[in-house]
Amino acid sequence: MTRDTEQVRQPGICVGRDRGNDRPVLTELYHALETLKRCGKETIVDIKSLPFGSIDEQRLAEFLGKGEVEAVLHALGESRITETAFPGIWWIEHRDEHGEITAKSIEVANIPGILKSQHDDVADACRRLGSLVQLADPDEEPGSIET
Amino acid sequence: MTSVEFLAWVRGPMFQIAVAIFVVGVVIRLIEIFALGRKADLSEPRGGETMPGIVTVFRRSIPDPGTFKRSPFTIVLGYLFHIGLFITILFFVPHIELFHDVLGVQWPGLPTPLVDAVAIISIFAMLAILVNRLRNPVLRFLSNGEDYVVWAATLLPLVTGYFAFHRMLFPYQTMLGLHILSVEILLILFPFTKLMHFFTSFVARWYNGAAFGRRGVQS
Amino acid sequence: MSSSEDRAVNAFREQIDGPIASYLSSCVHCGLCAHACLFFTETEDPRYTPINKVEPLRRVWKSEYTFFGKLASMLGVAKKVTDDLLEEWEPLIYDACTLCGRCSMVCPVGNDISYMIRKTREGMVAAGYAPDGLKGATQRAVTIGSPMGVKFPALQVQIHNVERETGLTVPVDVHGADYMALLSSMEIMNFPEYIGALAKIFDKAGVSWTLCSEAFEATNSGMQIGSSDLEGELLQRVVDGAESLGVKYVISPECGHAYYALRWEGPNVLGKKYPFQVIHILELLDQLRLKGKLKVEDKVDEKLTFHDPCQIVRKGGVVEEPRSLLSLVASDFVEMEDAGVMNWCCGAGGGVSANERAQPLKLAAFKRKKSQLEALGAGTMVTACANCRINMEEGLEENNMQIEVIGLTETLADHLA
Amino acid sequence: MGSAVEQNVRAITVADRLRAQGISRRGFLKFCASTASLMALSPAMVPAIARALENARRPSVIWLSFQECTGCTESLTRSHSPSVESLILEQVSLDYHHTLQAASGEAAELARETAMQENQGKYLLVVDGSIPVKDGGVYSTIAGITNVDMLNEVAAGAAAIIAVGSCAAFGGIGHARPNPTGAMPVSEIVTDKPIVNVSGCPPIPTVITGVLAHFLTFNKLPDLDDLGRPLAFFGQSIHDRCYRRPFYDKGLFAESFDDEGARKGWCLYRLGCKGPATYNACATTKWNQGTSFPIEAGHPCLGCSEPDFWDMGSFYRALSIPTEDTTRTLVYGVGTGAVLGAAAAAVARSRKSKAKAAHYKVSVNDLEEST
């Protein structure tokens, strides 16, 4: 755990010097990460509901940085799911077809839920693939295996 | 009455009613004192009256060492809450805005955290004062209903103000309204109670200093 | 104007003035005055809190001189002055207050409480609520001329004794003398040395002085009982005597309340200025010292301290004179704690010494002086008030303390060069 | 509207409808996340929203505009994320809105009546503008029907009412002193229906759609505060969520609009900011595509989402300043006090002189010992 906390406390980075609105978020994230590490419980923080001035969010994003994973979701517009420089902390931005941001959150999880393939889509895919390769018994619904 | 209507009422008509009662009452009482006046003293003076009177006005804020030694608790608590009230009333920025509006003068405020700390100290001093009043045999003997009413009326603005500032207990409008109402209660009680000492103690000190000064003693 | 209540209330109405109104408006019931009063500190009885003693006066002020109090009395909710109240308060006002004025020095809002208690006594005595001892003393003072019943022939006997001892003449009824000396009956009866001391000092200094056979008594029980009428009657005798002899100064003797009555209350009670000046004996002696007319040949070697008589020092303003005079004769002078304007009363002033009922309380109050003296370890205590002196001798004896109490004027006379 | 396809779509749930449009489950979840954000609900609510939307059906909406300025409608139609809002709005059938509908005159009123009949007891009524009731409500009529009558008529069959904007919610500017038209908020006229007040002048567009989304999603109204406003948006004050709050806490205030403090972005309390007593979501939801909100633009909050904000004293005087002229009270008070004081003093003085005249002279006869 020490590596992360050291980075949070890393001097030289301007954390909340004049506004201080991002500082409590970082503390919350630290505790969320600690909880994830200990018992695997996930946390989601809605950034849009935070009292941020114009530069607070930018500074928070800069502080968290970019990590190893960056995923783009194409559904109802583009969504960007980025792991920050602190593994386990994900930055998620949902945009609509016009490129407007519709939701923005930080998710503390091993993998954000939305990245996982969804059961309905898997079932759908299974049906489509089955009909394409004609492997499945036409009498048997592939989805029913799991119900 | 919703919290907004309540706030509008205490900021509006109720405040004017309270200020009117306060001013009219205080002026009446001061005139009553001065109109009674003093008979000219025919004895040959040993010293002056004016200067010793003025000196006493200031000097009575400092207890003589013997009295301090005998009642340190009463004196320290008295100091704490008087200074606390002075700072919280006069140096909290929203209050300065109020004085500026009413009197047309303003002065620099103190940093809010400092005022906040002072308010806390004052509140605890006030609580200790009540304990002192209930436990000290002299104070318990001297105290009447008015003393406790005035104590509560003085404490309430501090407590409600503290809660309002920290947005505790009730929604802000309600708490701010209660704070303003508590001040209005204080203003209304003022001319009817010992709160008058805010004005009259300076008159009393001067008379005392003048009477002793005439005889050659600085009281 | 028939009932005693009405007489008290009317007297309070007359007495209440701007200062009293400002004092009563200001009291916050902080209780600090209690700790300035030796009747409280030595008994811890909260009823003896000074401000509590003015309750009858306060009620009249509240209900008759305040707008809101008047409203309250119209509604019938104001507290009234009743015989029961006056009777209950009588011991507080007379037995437990020496009018020493110490409370007036500490009140944080500036209340001159002893001034108010003095005024309260006006109503008490008008209503007949005063201690018997003090009533008797005042009656004797008015009818006989002295609270102790001393008449001029008794003084003449003492004068003869003094003249025989000193070989000096004690001038009586000398027209055109500069100074007319007054005496307290205690001095005449208990400390005639004072008369000899005056004769010796004035003889050396060449002061032109006299006693007055018609007005030799300085004490004023009228002031102590709190009646301006009787106080004025007694003062008028002094004024008449001084005017008939045509003196420039009247010397107040070593007696506290006599000085206060004559010097500070007199002209106001009589309603006119004096045709002479009032001077305290210590003031006169200090003037002589400064002029080089008062010289001593030796000093007291013993450790010596000074008790400040309240009416002369704190309330009279004669603060430095006794100390300057003592520095002349004392080689080992020590001040007691709280010396000067904050010194503690002996416990017997303000008419308490004449009030038999107050004797136990007076002795209790003396514990304050006792502890002051014990902390000091002085063998001799000088004072400048015969009443203090008698009371302290009594208190020291009661407490088996070996401390000699002497008058300042006599001490100076004994060491005169 | 009204086509066979449309009727068909109306019959199925929102989830079905999205799926029919070829949107994946992931897309649906994203829609739910956006909806949660829109309703200012915690992201933890997303699964619950998903479950609800799987069953939600499309309600009919009738929008009545009374004594208003169309600012509320403007606010909604210019809302910042049109496609999410349109997704929401697509889920409702806006059957009457006299500013937005193509129909006019009798056709328009017919549409309203039809919608009311078809969806009796189930439709949602949205109101903007206050309702003038003075002189029989003649000050505002539509098609010859007074606003009061129309409101009462339409409200009778509504499942719930959303009062959009401070006028509909609290009376707004029409209700401000001296209120010449007797303007009333919806809640004082309709007392037997659930009403949500979406106050603000104008209200934040996403708050309007957020409430619609909530109704659509959960088929009930959201939790409300004591003024009938959805707690999710009005639960915290501007001050509590203001990014300038640390300056207030430190006691750093701008004292004019162009001083050092103003440039440094210090707290605007002394310039009259009503943020501490104003409950709204501006500080977090913001305006114009989430760009900014008044305080961020350097202007104090007017408190427009609070009742009677027009009558709460100057916009540019601090909240701690009384709303009436205290100086005048002070001056008159001193004058009155002086007159009454002089009278009281005269009474006291005459009482004292009378007492002196009645002085009881104490003599030795009064000194009889009591024993």
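Observations on the structure shown:
As written, the chain order gives the labels A, B, C and D, with residue 1 at the start of each chain.
The rule we apply is simple: contacts are C-beta pairs under 8 Å (C-beta built on N, C-alpha and C of every residue); 3 or more make two chains touch, one makes a residue touch a chain.
Everything numeric here is computed off the predicted structure, so don't read it as measured data.
Of all chain pairs, the one linked by the most C-beta contacts is B-C. With centres taken as mean C-alpha coordinates, the chain found closest to the middle of all protein C-alpha atoms is B.
Averaged Cα coordinates give chain C a centre that lies 77 Å from the centre of chain D.
Chain B and chain C have Cα centroids separated by 37 Å. In this assembly, the C-alpha centroid of chain B lies 40 Å from the C-alpha centroid of chain D.
Mean C-alpha positions place chain A and chain B at a centre distance of 58 Å. Multi-chain contact residues, meaning those touching two or more other chains, occur in chain C at positions 16, 65-67. Residue positions of chain D touching 2 or more other chains: 240, 340-341, 344, 348, 352.
Along chain A, no residue makes contact with two or more other chains. This structure has the following touching chain pairs: A-D, B-C, B-D, C-D. Those residues of chain D that touch chain B in the shared complex are 226-227, 237, 239-240, 248-251, 253, 269-270, 276-277, 279, 306-308, 311-313, 317-324, 326-327, 329-330, 332-334, 336-338, 340-342, 344-346, 348-349, 352. Listed in rising order, the residues of chain A touching chain D in the complex are 19-21, 44-46, 48-54, 56, 73, 75-77, 79, 94, 96-98, 100-105, 107, 113-114, 117-121, 124. Here chain D touches chain C in the complex through residues 340-341, 344, 347-348, 351-352, 354-356, 358-364, 366-371, going by the rule given at the top.
Looking at the complex, you find that chain D touches chain A at residues 23-27, 29-31, 33-34, 36-38, 40, 42-44, 80-84, 240-246, 265, 283-285, 289-290, 292, 296.
Of all the residues in chain B, the ones that touch chain C in their complex are 25, 28-29, 32-39, 41-44, 46-47, 56-57, 60-61, 63-64, 66-67, 70-71, 74-75, 78, 136-144, 147, 191-192, 194, 196-197, 200-209, 211-212, 215-219.
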